[in-house]
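Two complexes, one shared chain (subunit A), two partners (subunit B, subunit C).
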Partner chain A sequence: MGDVRDLPELYVRLVAARIRAQLQYRASFAMETFGTLLVSFIDFVAILVIFANVPQLGSWSMPEVALLYGISGLAFAITDLILGHLDDFPRLVRDGNFDLLLVRPRGTLFQILTGDFQLRRLGKATGGLIVLAYAFSQLNVAWDPGRVIVLVLAIPAATAIFASVWIATICVAFWAVEGREASNAFSYGGQFLAQFPINIYDTWLRRFLAYLFPVAFVAYFPALYILAKPDPLGLPDWLRFMSPLVAALALVVAGRVWAIGVRHYQSAGG
Partner chain B sequence: MPLAESLSLDLAMARVGFGRYAAYPIASAAGIFTNVVFGLMRGSILLALFAQRERIGAYDASATLTYVWLTQGLLNVVAMWGWQDLAIRVRTGDIATDLIRPIHPLRAALAADYGRAAYQLLVRAVPPILVGIVIFRTSLPPSPVAWLAFAVSLTLAIAVSLGFRFVYNVAAFWTTDHRGAMILALVVMSVFSGFTIPIQFFPPWLAAIASATPFPSMIQTPVDVWIGALSGSSLVGALVAQLAWAAALLGLSYGLFARGTRRLVIQGG
Partner chain C sequence: MPIIEVEHVEKEFTVRRPLGRLRRERVRVRAVVDLTFAIERASIVGYIGPNGAGKSTTVKMLTGILVPTRGRISVAGLVPTRQRMRLAGKIGVMFGQRVQLWWDLPLVESFDLLRHVYRVPADRHRENLLRFRDLLELDPFLNTPVRQLSLGQRIRGELTAAMLHDPEIVFLDEPTIGLDVIAKQRVREFLLQANRDRGVTVLLTTHDLADIERLCSRVLILDRGRLIYDGDVPSLKSRFGKERVLVVDLEETAPPLRLAGARVVRVEGPRQWIAFDGDRTSAAELTGAVAAQAPLRDLTVEEPEIEDVVRRIYEEQPE
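Right after this comes the complex of A and B.
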């Protein structure tokens, strides 16, 4: 399987080549980046409109929901930047071109992740950052080392959770290649879920999409800690520190699911 | 061309539009699953508003749930996430083939789009709407007149949507990159159509901006007809507005397309 020590360097080299190529078309790059920035605000418009009608949503104030939105939006943007092109991989399965990845001396997932890289997706990250800045300007957070650490770890943990969910669910393509859109319910759906307080969801939806797919650990639990907010669901306090651990576990599970999918892969006949 | 022959061309185009989507039943099932999951989330979020107040405009909790499941069904019918068939044909040069066909590309696109929409209505819209009715007891149009008005309104909504999509696709005649224009168009459409959140929930100044655009005609109007928020003269007014927007956008499409083809250069040989 080749040498794993050269993977980071190889990753940087391959992705840098993609970025150089995209920067050749400055005008369209700028327009698409601006477009993805606006896309990242669509759901925030909904939040603004909701709070124009009510002062609270499930006992969360507007800036508190903005904090959830900011963490989730920023993390999802980074996930999308790193592996958004995973959505195109089912085409490789359909055409049988996944064979090519199997004979090359690097991991299949690594090859797919370096196979494309859309820098314009940075626009989305900017949207998340702006909302996060807005949230902190409105909230009186009693900053201490603990809160800083929880916030700083929340972003990579949330990114890893989103990435795991995306990788694990896109594997549906190994069994039913046309069924790949079902993974959107978990990847994009997970992001949608995470930007609102999870206590407003129906019990079963919460069990399934917030705990089994651990989307509650993206923003909800870290935000409760940062805000020193009592949990409307009354769950134990230690859950607020579990995001990095849950993220690590999720990555392991996603890697296993991917390996099972690859083993199940049968090339296109003919 | 005699009328009957010309109409049979439209019908053939519609059949092709229908068949193109019908070819992937598993993809449709996966899409329905995703639409339903998002419906569950949107329903929970919007219901949380009604823990604090009885109604917002014409919407109470029950009308809002109906709105959620109806929009989850209709979003594919009006192609909420975009359409770039024409732009791609312009970029690749395939548009040259369309230009020598005996049916104008705009008319062909409209006919094919009704075929596509018919498929999406039967296969993608009915299941989420049924989930709403069976599980969440959402309501049906209150009267036969409301059913008829809904059918008319949805038919017009598809034409308004296609007219708008055609306009941003025509941008491909002037730029090699139509994606930027499409992304911007999708953002504006999903907010101002009332798909993201009902326009009745908007603050008055934002609702006024939305009402001055064609976007409510694509989603909000048929939904308001279904839930009975529009009746009598306000219903007639809304349908007339849809018709006017459909005519304006299709007219604009026709004009822009004519200008675009005059500067079109097809490469190759």
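Right after this comes the complex of A and C.
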């Protein structure tokens, strides 16, 4: 892998260069940011519509669901900001421009992440933050150090889980020509599912979400702990602290899948 | 010790060919067949052949982009696919059609970012950039965003980007494609100088045979995945390019001349093209024979072009 100590500094440098280029066009940047902000509100309105008709969702109240939505929404927005441009990766493989990344002395994933960073995606994060603020204003959370730590760790853990799923599924492009749709079904679909309490889903979907795609660890388990809520599914309590561990594991798996994809690309030809 | 060693290397691809409407068959295609060659440090080697001959597959294997199916490759003492990232720091790559520079940033900012990507110390970077600015005359567009550069300016920028980190070897894919005569000349002089002053090894693929004649000490010719020629340019010409052409302008239009040891290959009004074997007949003898048959106004002798030479080699290859 070589020396990686200067990677954080190089990341900042490359991303800053992208942002500088984007800010050359201030008006269009402002409009795009406003657009993404608007979209995240429309998503929230969809939740409001559900609650106008059903006051409770599988024993979860409106503010409690808002907490789930806030955690997963904020984490997904951060994921999207950091690696949303991974969506262009299948095109990179198809055009053969992935070759260029292979002849530079840095990791291919690192180069893609710094390749087309879009600051306008920051707008999506604002939506998640507002919903989170709303949830906490309505809920009477008995704050203690444990709860603060769980909440503070829940956001990066959820981000890492979304990122892993995104990376692992976009790898389809190493084998199939059009991998973006397949990947989006998992990443955007996963975010949608994580907004709701997982106990409302059917058993098979629940198992799938908890094990194969660890959506339950995005918001469900951390929220149970913060709210001191008994698990409607009766799952063990220690699962509520497992999100960071699951996230780390997911990242390792995603990294392995990526490496396998690169090896396949190298032996199959671009 | 050679800087590039290729031993019995083969590359096979699996392609799916449609069989009727739904069924597809998998076919193994050999892109490179039993390739063996070695390249000495500080040489400039031309790698030529028709499209699909396996040139870019070879370059991709040498740079670590593709894993060979069989055989052994060593580049700068490393195994390309296993030590790809380490090798990347020792080589420079320029694909004529691909943009390596940051599209919407000023050229000079791309160079600065690359300095960090390749971990080049600041003072060495400054010194190198100064030299490139001078040799490739980059100053007039150094602060222009890459997307606004002309093709010639961009290629000069790409060359700089490929060589700023002092690579031991540069792989250039069609470095002069689409450039005007002056820009081509500038790129060639630059490469010769980098080779002379810094001992950079250059492997270039090109369709431009003037590139080969001006730059290369050696040529490798590839056809259908096989190496069909490996040697210097003069002996390539003498082996396959003995046929020269005498172009004569006669006083008036005449039927094709009949000459011993030569044949008329083309007639255009009073002008005739006469091909002859340079080893057996001299241009002077032939001119005398022509003048004996018809009054001459003017004449020139055309030297063989590498293009013709390469075509001849292809013709000699059994199908």
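Odds and ends about this structure:
The rule is short, and it goes like this: the second predicted complex is superposed on the first by the 261 of 270 C-alpha atoms of A that agree within 3 Å, B and C clash if a C-alpha of one lies under 4 Å from a C-alpha of the other, contacts with A are read in each partner's own complex, and residues count from 1 in each chain.
Note that a residue touches a chain if its C-beta (ideal position, glycine included) is under 8 Å from a C-beta of that chain, and two chains touch if they have at least 3 such contacts.
All figures in this text were calculated on a predicted structure; none of them were measured in a lab.
Within the superposed three-chain model, A:Q24 lies in touch with subunit C and out of touch with subunit B [touch as defined at top]. Once the two structures are superposed, subunit B and subunit C can be ranked by residues of subunit A touched, with B on top.
Look at A:D231: by the touch rule set out above, it reaches neither subunit B nor subunit C. Residue contacts after overlaying the shared chain place A:G58 against subunit B, while subunit C stays out of touching range.
Across the complex, subunit B meets subunit A through its residues 24-27, 29-31, 33-34, 37-38, 40-41, 44-49, 51-53, 56, 175-177, 179-181, 183-184, 186-187, 190-191, 196-197, 201-203, 206. Subunit A makes touch with subunit B in their complex at residues 25, 27-28, 31-32, 34-36, 38-39, 41-43, 45-46, 49-50, 52-58, 172, 176, 178-182, 184-185, 189, 192-193, 196, 200-202, 205, 209. If you check the complex, the residues on subunit A that touch subunit C are 1-3, 6, 9-10, 13-14, 17, 20-21, 24, 96-97, 99-100, 102-107, 263, 266-270. For subunit C in complex with subunit A, the touching residues are 11, 13-14, 31, 57, 60, 63-67, 69, 81, 84-86, 88-89, 91, 93, 95, 98, 100, 102, 104-105, 109, 113, 116-119.
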